[in-house]
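Both of the next two complexes hold chain A, though its partner changes from chain B to chain C.
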Partner chain A sequence: MDKKRRDFLKIAGATTLAGLGGPAVVERLVSGTSPAQAKAAHGAETHGVVSEHEKENAPTGRRLGMVVDLRQLKKHPELMEKIVHACHAQHNVPHFPNKKDEIKWIWRTEFDKAFTEHSHYHKDKLTIANDVLVFCNHCDEPPCVKACPTRATFKTKDGIVAMDYHRCIGCRFCMAACPYGSRSFNWRDPRAGLDMNRINRHFPTRMRGVVEKCNFCAELVGLGKLPKCVEVCGSTRAMIFGDLNDPDSEIRKVLKDNFTIQRKPSLGTHPSVFYIV
Partner chain B sequence: MYDGGKIIPGLIIFVLFITFPVWYNRGNAGAVPQPELPKKFKECVLPYADMRAEHMQLLNRWRDQVLRTGDWGFDVKIGDTMYQKSLMNTCMQCHTSKKKFCDRCHTYASVKPYCWDCHIAPVE
Partner chain C sequence: MFEKALKGNKYYWMWLAFLGTFMAIAAFCYVRQFHYGLGLTGMSRDVSWGLYISQFTFLVGVAAGGVMLALPYYVHNYKVFGKITILGEFLAIAALLMCLSFIVVDLGQPMRLMNVILHAQPRSMLFYDMIVLNGYLFLNILCGWVILTAERKEVKPPKWIYFFVYLSIPFAVSIHTVTAMLYCGLPGRHFWLSAIIAPRFLASAFAAGPALIVIVALILKRVANFDVGKKAVDKLATIILYAALVNMFFVGLEFFVAYYSNIPGHIHSIEYLFFGLEHNGHVYNNLVPFMRMFVVLFVVGVALLSIPYTRKRSDFWLGAGCTALFISLWLDKGIGFVLGGFVPNPLNEITEYYPTANEIFIVVGIWAMGGFVLTILYKIALGVEHEIEA
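So, the complex of A and B:
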């Protein structure tokens, strides 16, 4: 064994080169593309996912949505309270006076709280004076569904972001994920906040420790009826419900004829609820 | 064995003591629960024996079909009538008493299903 220092350095150098360059060469051979091409392809793919136009061109299945006509709600000031009450009565939503325990499926809020991305500098009188009706947006890309560890919340084939309370473990990840505050947690036994003699006996209550929210009246829509809030609006047509993927639906016609806005569109959740201001 | 005279009778007494429930109740299964069946209706979703053995799987299946698949329609045939897949809106419409129907067996078998934490039992 008379290894010279010169030989040792040669071998050490070659090994270092092989160690650094080898994986890169192998990777390129396996994928069959140069890094520049791979990056371009990936970029195009990402673009395709984000692009709103491509989404509109290739709809799959039903996507139920709602248009809220705030002009009509301003014209009928008593209507909002009626809608909230009808929804909460239909779904046995409890009432707790303490704000911390509050459960809400649909509620009224100020314009600048609902539409945080819009400019509120020198707002007009009418907008300041009138509330907005807000509820679950039944997003096309719902962040709550991604956050749920048990798949208790999920998107149905009709595009409704639904809850399966049997599976909810009450971790409240979905509440943290929802940018609209559409979800409420049952800190207390909801039956304590309900008049059990006057509840809707065709729809369950919830139990303590689960998260709840608007279900787009899946129990009525599933039977071919309209959601309760839309039914209450009646001839005022303050809320219009329908399939956003059906080009002949009433909701698509309303969307075509009116300028509408959505809540926090920049977040990429693709809300299915639109507002005519 | 040292002290065998004490250990062996002690063991026998111990074994007799811990098996007390077995030999005291031998040949006697206790009062068999008698759930009260609806008087007006004779047929259920499945034959009697299947309902008794598998009603919990049936309810789970219905739950998944309704909530997960969005299959809310009236597609359960009992006799000549179509019903929804629903505990509150179908089962409990015939079995009008939770106490006299559900609870009698569940209490006997010491099972505590959590259905009624959310679902609303009929007024009794």
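So, the complex of A and C:
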């Protein structure tokens, strides 16, 4: 094959792939991750305003995502508790000792429970000994959004799956629909589980009877800040946040350089949260 | 016509007072729940729907079951069902009112109910469920009322009503299909994620609804001097029998798929419901007695309805057979189906659900409310029937 023809085929192939799944597909294929993940990283919908000159090379809007580096969490065992605490303090998540009333946005759990599809008999010692942090995956195809009869759960143009606490009727259809158990319901007045003198005044407390979950710190991200959990990780870089649709973003570089997995990828929800084991 | 509900003997009023007491207790319990929140129930983060939604699911079936009378009578002109069909229509009204009440008491923010319409999300199955349930309720009230009024005047019902009568038949099927779709379209809930859920729901509905109608018809024969006819009851018993068998056949298929494929996610809920699920050395099995009872009562009910002696010779045994099947189907769908789907949770953890007393009183009260409405509706209908006869 002469060089010209080979180059042409390369370009043609790349364009076809780009047409099918965008540049993300090419990259994922090159770096060897599965197509499911590639789709997940790309985002099916196009949101946001694309200015005239961007049209050609920017087929998609923003899609915020997260990479959790479990190796770093293992190295810094105290970090997980700190992250959970910081998130819950930032968002006035109440604490109830009775498990029946429990509300949590991010929590640590065993590897087996987080990755039910990856568990098997002969796990290495480290995997058994170390926990994982789980929270809402901000799925690109979120079943919770589809289930919600009032649009109280919706996807923003940044790819965040957000909640409107004032619209939620508390039917809990979204909780049945979420295959990750990411959602909590306010079974009672959440203020009873908070120290009202020490709440974060910049974030609303909720009322009873509505559902809540991790919001990717939309209130901070909107101000150009990092999510609380990412901030707490600091220089350990155990959690990396960024735009999955921006090929030059840090998160995309991390995804390109590491083997990552997602929770229950076979369900087609296309999570925006990736884990480095 | 309502004046007919205001005249009755001592037992009629005692019965209403009895039901009314439970309704009052439930109202009190609901006020408590309204002020405290759904934390007064046994539901939790893991089992986020409990008795309320499971009763709702079952009663949608009871409401839909009436179509097994309407269909032969109106479409196939099966005259034998002439007197019993009205029982089915009014039963649907009472069952639907119970369904809607169960939805409302299950909401965390019931005052915002209208958001389902104001901010309608046409991708949500709950949206369609709301439409078909209210539509079916409306159709039944309309048809029941118009036909009864015509009967009272001893004229033929107006022609236009038959449009709505026929319309109510696909509606009956749709209410239970859409209710099944609430469950069977959710990823990651293996127990529910089965294309057979809708047909299984319909089969169980076509047994449970008519079974209740037979029980009521047998009672009315004794207490209200209203006989729907031996032949009608017998035909209905056949329908119940086949529908119950089909339901069990579907349950058996679920067992086969789970255990032959040996996929853990498919096995877990079934294992939990019927045998108990072991987890970290602890066996979780609080629903096992109910599900075993479901099987036992199914066998008993089927036997009573198939043996000629018990079915044809004695109202008592026929009634007992229908009661056994009704309870059996209630255990299957009104307990096992909804609660079982939440075990294990998406992280393979097990949380068991135990309803609280407050919750149970609300459930009982809503059933009592259904009985109350049903009694009054039947009182009116039978009053009209007796008036014609006299």
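Please note the rule applied: the second predicted complex is superposed on the first by the 217 of 277 C-alpha atoms of A that agree within 3 Å, B and C clash if a C-alpha of one lies under 4 Å from a C-alpha of the other, contacts with A are read in each partner's own complex, and residues count from 1 in each chain.
By definition in this document, a residue touches a chain if its C-beta (ideal position, glycine included) is under 8 Å from a C-beta of that chain, and two chains touch if they have at least 3 such contacts.
Quick caveat, the model's predicted, so the values are computed rather than measured.
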Query raised in the report: Looking at the combined model built on chain A, do chain B and chain C fit side by side or clash?
Result: fit
**Report entry** Partner chain in contact with A:Lys113 - chain B first, chain C second, else both or neither
**Finding:** second
Query - Chain touching more of chain A, residue-wise (chain B, chain C) - result: C
Query raised in the report: Touching A:Lys99, do we find chain B (first), chain C (second), both, or neither?
Result: second
Query raised in the report: Who does A:Cys178 touch here: chain B (first), chain C (second), both, or neither?
Result: second
Requested in this report: Please work out whether A:Pro149 is in contact with chain B alone, chain C alone, both, or neither, and reply first, second, both or neither.
Outcome: second
Query raised in the report: In the superposed arrangement, which partner chain does A:Gly170 touch: chain B (first), chain C (second), both, or neither?
Result: second
Requested in this report: Look across chain B and chain C in the superposition and give the shortest C-alpha distance you find, in Å.
Outcome: 11
Query - Intersection of the chain A residues that touch chain B with those that touch chain C - result: 207
Query raised in the report: Which of the residues in chain A end up touching chain B in this complex?
Result: 154, 156-158, 160, 162, 164-166, 199, 201-207, 218-219, 222-223
Report task. Going by the contact rule at the top, pick out the chain B residues touching chain A in the complex. Result -> 63, 66-73, 88-89, 114, 117-120
Report summary line: Seen from chain C, its contact residues with chain A in the complex are 36-39, 41-46, 48-49, 103, 106-110, 112-113, 115-116, 118-121, 123-127, 130, 182-183, 186-189, 341-342, 345-349, 351
Report task. Within their complex, state which residues of chain A touch chain C. Result -> 99-104, 109, 112-114, 116, 134, 143, 145-152, 167-173, 175-181, 184-189, 207-211, 264, 267-269
